[in-house]
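After this come two complexes, each holding chain A, first together with chain B and then together with chain C.
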Partner chain A sequence: MRSPGSPAGPSPPRPPLLRWFVLAAMVIGMLLPIVPLVIWSFAFRWSFPDLLPERWSLRAWRYLAAPESQVLPALRDSLLLAGAVTLLATLIGVPAGRALGMYRFRGRAVIEMLILAPLIVPAFAVSLGIQIVFIRYGLADTFLGVTLVHLVPATPYMALVMAGVFANFDRQYEDLARTLGARPLQVWRWVTLPAVLPGLVVGALFVFLISWSQYALTLIIGGGRLVTLPMLLFAFARSGDNAVTAALSLVFIAPAVVLLALIARFLGAAPAAGGIRGL
Partner chain B sequence: MTALQLCNLTKTYPGAPAPAVRDLSLEAAPGELVALLGASGCGKSTTLRLVAGLLTPCRGDVRFDGRSVLGAPPERRGVAMVFQKPLLLPHMSVGENVGFGLRVRGERPATIRRRVDELLELVQLPGSAARRPGQLSGGQEQRVALARALIVEPRVLLLDEPFSQLDAGLRAEMRDLVAGLQRRLGITTLLVTHDQEEALLLADRIALLEQGRLLQYDTPRGLYERPASLAVARFLGGRNFIPGRVAGRRFISDAGAFELAAEPPLQGAAVLTIRPEALALGCDGPVNRLRGTVTAARYLGARMRYQIQAGALVLEALADAASLYRPGDPVNLTLPPERLWVMGGERQ
Partner chain C sequence: MFWSVDPERPRIWLMLAPMLAVVFLLFGGGLFFALIQSFGYLPLIGQTGFSLAAYAAVLRQSSFLASLLLTLYIAVTSTLIATALAVAVALAIRATTRGRQALSFIFQFNLPIPHLVGAVAVADVLSQSGLLARVAAAFGLIDDPGQFPVLVFDRAGVGIIAEYVWKETAFIGVTTLAVLHAIGPEYEELARSLGANRWQRFRLVLLPLMLPGVLAASVIAFAFSFGAFEAPYLLGASYPQVLPVLAYKRYTAVDLAARAEAMALCVIITLVAGAAIVAYLHVSRRYLRREAD
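Let's look at the complex of A and B:
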């Protein structure tokens, strides 16, 4: 923290002009693609040479809210699914990351490889094999089955993020808390969790978004019974109704933006791997 | 006040070729401060963690007041530990850090606040409960860590080189503070250190460890003046070792015979030693006189350190800084019989 010679001092300020330029470029790069979506979602007719639609309408938004579009149930299922995946990936990924980040043990390299494997081999490639197994065990076409298959690409991210966080965590803090009378759960609540929370939140966001944007796995394992937002989005995009597609895209983007805003304060802290560190 | 007993304690880490601690037995009387002294890797920190319950011994027992505590997890042993680093929890204030041990025990907030103030007073940081750990200096952080350990009123206090990361002035100050508090509160204490000066200064008794084995367990004076073996003498800065053999009250070596003050318990092959500061330069004692030549002189401030060649012997002497021998000067030296010590000849 205050070790002599650590490069803790602030970096010299960059020229303001360059900074503003970079900031503007980032904002434009993030927001610009959204602008046409917003316009499209309120357009009734918008033909080629016009800068703006000639007629505006709430048709697309009304349609999304209507029961026949299935958007609201799909939104609910997508949220439930991503929530369940996030919860399970956290329960698996945090202990796994802790083991990988904190301990040296026999077979560690192999386990690390196995955890990384789903990131190297696309889950889609093995999903057909998974589907056969899932059909046998009655998991195909079920919410639980889709949750499990989403864990395949999602859990490695959680484990890797937490491995980085725990590699920087000084275990003596836990020893100290134990000797002062804290039971293991109290150690976790008062010492370990506050230290790893920033990394954990960022990892959870990754996992949520991976599940949220999953299309192929949901389609194969869900068998069309479980309809999530990405599946509706594909359907509308193919139907050629630009207004409805644009509106649905905005609904699809919204949770990511909201979550990102909520956890923005953790993002800066995440590279520092969370609060408590050794000197 | 708790009596601490370690019985045949042995710990081998998984995969390690040799035990980190082997067959270690020692006891500390209630209120005693025992230093575990040794070079790094001698097993002293392992011993501390075995007492704390952070490690489980392979064999042996840890007893508080005669009762084994091996069955109790660290949080129910009634120990408190201070580490090399202060390890203040950065998301808590100084007061919350100090009160941590009471909070996890479910004490009432009012009680915790009162005790925190008392303890901060005790470590000479009154009124700093609201400060953040980052606002403190290294020495202050370590004092907060001490207060945090003492607030739980431990049966045994474990100090793991708590002064090693402080600079010299602060270290002396912290040593005095710890020594004073330990005496006043009468807490049985184990201090791990690699610094012999620190061990001599603070400890009632010192356990000198080497490669997991207990070499000698004695008072600071006993360890310093009556080392049981060459290894002990060497670790405590012994320099002058004369091989030979004991015959009655005399020690016979190639460099001549020396009179001893009393007949040592051992006879036969042995090593004679004398502390550099016990060599008398320039005066002719009644016995054990040698003539030599100064081969090196070093000014140490309070003392002069001389290297003296006397026949085949090379001896080191510490003398008053006012002495003015220069390399090449002849010098008379006397080895006073009462300052000579004979140890068993052993593996070199």
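Let's look at the complex of A and C:
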């Protein structure tokens, strides 16, 4: 503790003990829940009170690859769904982000609040409410219906990320390209796109993950017909087969961890914070 | 910022149109239909009148109050714990020079991990034959799984709170790190040169500067955990259940009349989550000076 009387003196080193404790607790707390998942996925039998399994095996992993587990079709459907949601959310969110980030216009603050609302109001309530309409128009229990309902949390995210990106984009580059005779598509391809691409990639990755992780919306609108990985994971978790549940959990989080590593590597920043800075 | 005033106004709305279609048709539509169904307007089962019967029925059930209190308790507790941990860790990471990048990565690595996996993982750690129980047995603290406290599927929601704390600490923490980065070291250095001690620098300089950003993240975390379904559906006790699980159970009940009650519960969930946000916006406009943005 410094006394206020010696302001100009050299700063004493902060006691690092507390800091080390906080950081060590953080590392343990963050990683600990993953440890039993990894162990369980290779365990044949792991009974109490053993700290490690008596017998190891690849049973769970073999089961995941086997046709009767239905994991491969679920993996395919999850990828297709998240891909479709990402594509649509990009097509919808990028122009909206451009409008919000680059132009000052009447009603902009209201529009921003409207776009923020779906990120805050529980999507669960929204999907229960809209299911009746989806039944009416034949969208319930369909791939298209689930894609549409995933857009509710996905598109606002894309729009807000891109609004931040376009706010830092200088329109004069586009004007310059136009004066040099570039057609609109050429301006987009050679000037705008390269400038906004890093933000676009981050937004797309997170939108992919939003759809990939979705359980409640898929359950409510898909009605159990569209079996994505989370649906399957939930069924296994309820069945009590710890090994298979753990292995499937690892499959389920693999793309997330890979994507996060890519983002951290190529962009450095903490992209998740971007979406809420506007609030 | 490179603002240009109004060169192509019609195009702005054209660019916004698809986004607004999603917001109004899917999001707004969902809320609208939840609302009218909660008033008993259910043409599919021949009810076209409007009434508050579903709300009355929901409020009469003793399970509602238990659910509301449990949901509030879980959301408030997990958000408070996560906020405190997030701020402590973010400050510790900020003060570290070596290994800061690795620490930040570990701190945020669970952000993209779905809550469902978080719930599975928490159950593997906290259950009566889970990792902690095994460690306790290894230290001779317990002999039998039954002696380990019930921390998942428990009526106090400990497992659910643990899952939210695990995920929300990362979420609030990453935001806090970004906020701290934006503040920079200058204010603290100035305060130090004026003779402020460490506690004063934190309490009078850093805390007021970081509060708006941290609070925003906390409110979002609260609203999320109040309306979330996955973790309590997997880790919760059969009674009491959190409001979203209760709503889903009513929705999938064989009794079609229960749909209106499910919708009433959805409206209540939305109102509470929305109220938290509105209260935050009110407080932040009123009392928190916001830096340039």
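Methods note: the second predicted complex is superposed on the first by the 229 of 279 C-alpha atoms of A that agree within 3 Å, B and C clash if a C-alpha of one lies under 4 Å from a C-alpha of the other, contacts with A are read in each partner's own complex, and residues count from 1 in each chain.
Please note the rule applied: a contact is a pair of C-beta atoms (placed from the backbone, for glycine too) under 8 Å apart; a residue touches a chain by one contact, two chains touch by 3 or more.
What you are looking at is a predicted structure, and each value in this text was computed from that prediction instead of being measured.
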Determine, under the contact definition given at the top, whether A:144 touches first (chain B), second (chain C), both, or neither. neither
Scan A:254 for contacts with chain B and chain C and give back first, second, both or neither. neither
So in the superposed three-chain picture, is A:178 touching just chain B, just chain C, both, or none of them (first/second/both/neither)? first
Examine A:170 and indicate which partner it touches, taking first as chain B and second as chain C; both and neither are also allowed. both
Classify the contacts of A:262 with the two partner chains as first (chain B alone), second (chain C alone), both, or neither. neither
In the overlaid three-chain picture, which partner chain does A:22 touch, first (chain B) or second (chain C), both, or neither? second
Report for A:124: first if it touches chain B alone, second if chain C alone, otherwise both or neither. second
Between chain B and chain C, which makes contact with more of the residues in chain A? C
Would you sort A:190 into first (chain B), second (chain C), both or neither based on which partner it touches? first
Chain C-contacting residues of chain A that also contact chain B: 1-2, 170, 172, 276, 278-279
Per the touch rule above, chain B residues touching chain A in the complex are 49, 52-54, 73-77, 79-81, 83, 85, 87, 89-91, 100-101, 103-105, 134, 138, 148-149, 152, 158
In the complex of these two chains, what residues of chain C are touching chain A? 1-6, 9, 12-16, 18-20, 22-23, 26-27, 29-35, 37, 42, 44, 85, 88-89, 92-93, 95-96, 103-125, 129-131, 133-135, 137-138, 145, 166, 169-171, 174-175, 177-179, 192-199, 213, 216-217, 220, 223-224, 226-230, 233-234, 244, 247-248, 251, 262-263, 266-267, 269-270, 273-274, 277, 281, 293
Seen from chain A, its contact residues with chain C in the complex are 1-8, 11, 14, 19, 22-23, 26-27, 29-37, 40, 47-51, 91-93, 95-96, 98-100, 102-105, 111, 114-115, 117-130, 132-133, 135, 148-149, 151-152, 155-156, 159, 167-172, 206, 209, 212-213, 215-216, 220, 230, 233-234, 237-238, 242, 245-246, 249, 252-253, 256-257, 259-261, 264, 269-270, 272-273, 276-279
Show me the residue ranges of chain A that touch chain B in the complex, using the header's touch definition. 1-2, 170, 172-173, 175-183, 186, 190-191, 194-195, 275-276, 278-279
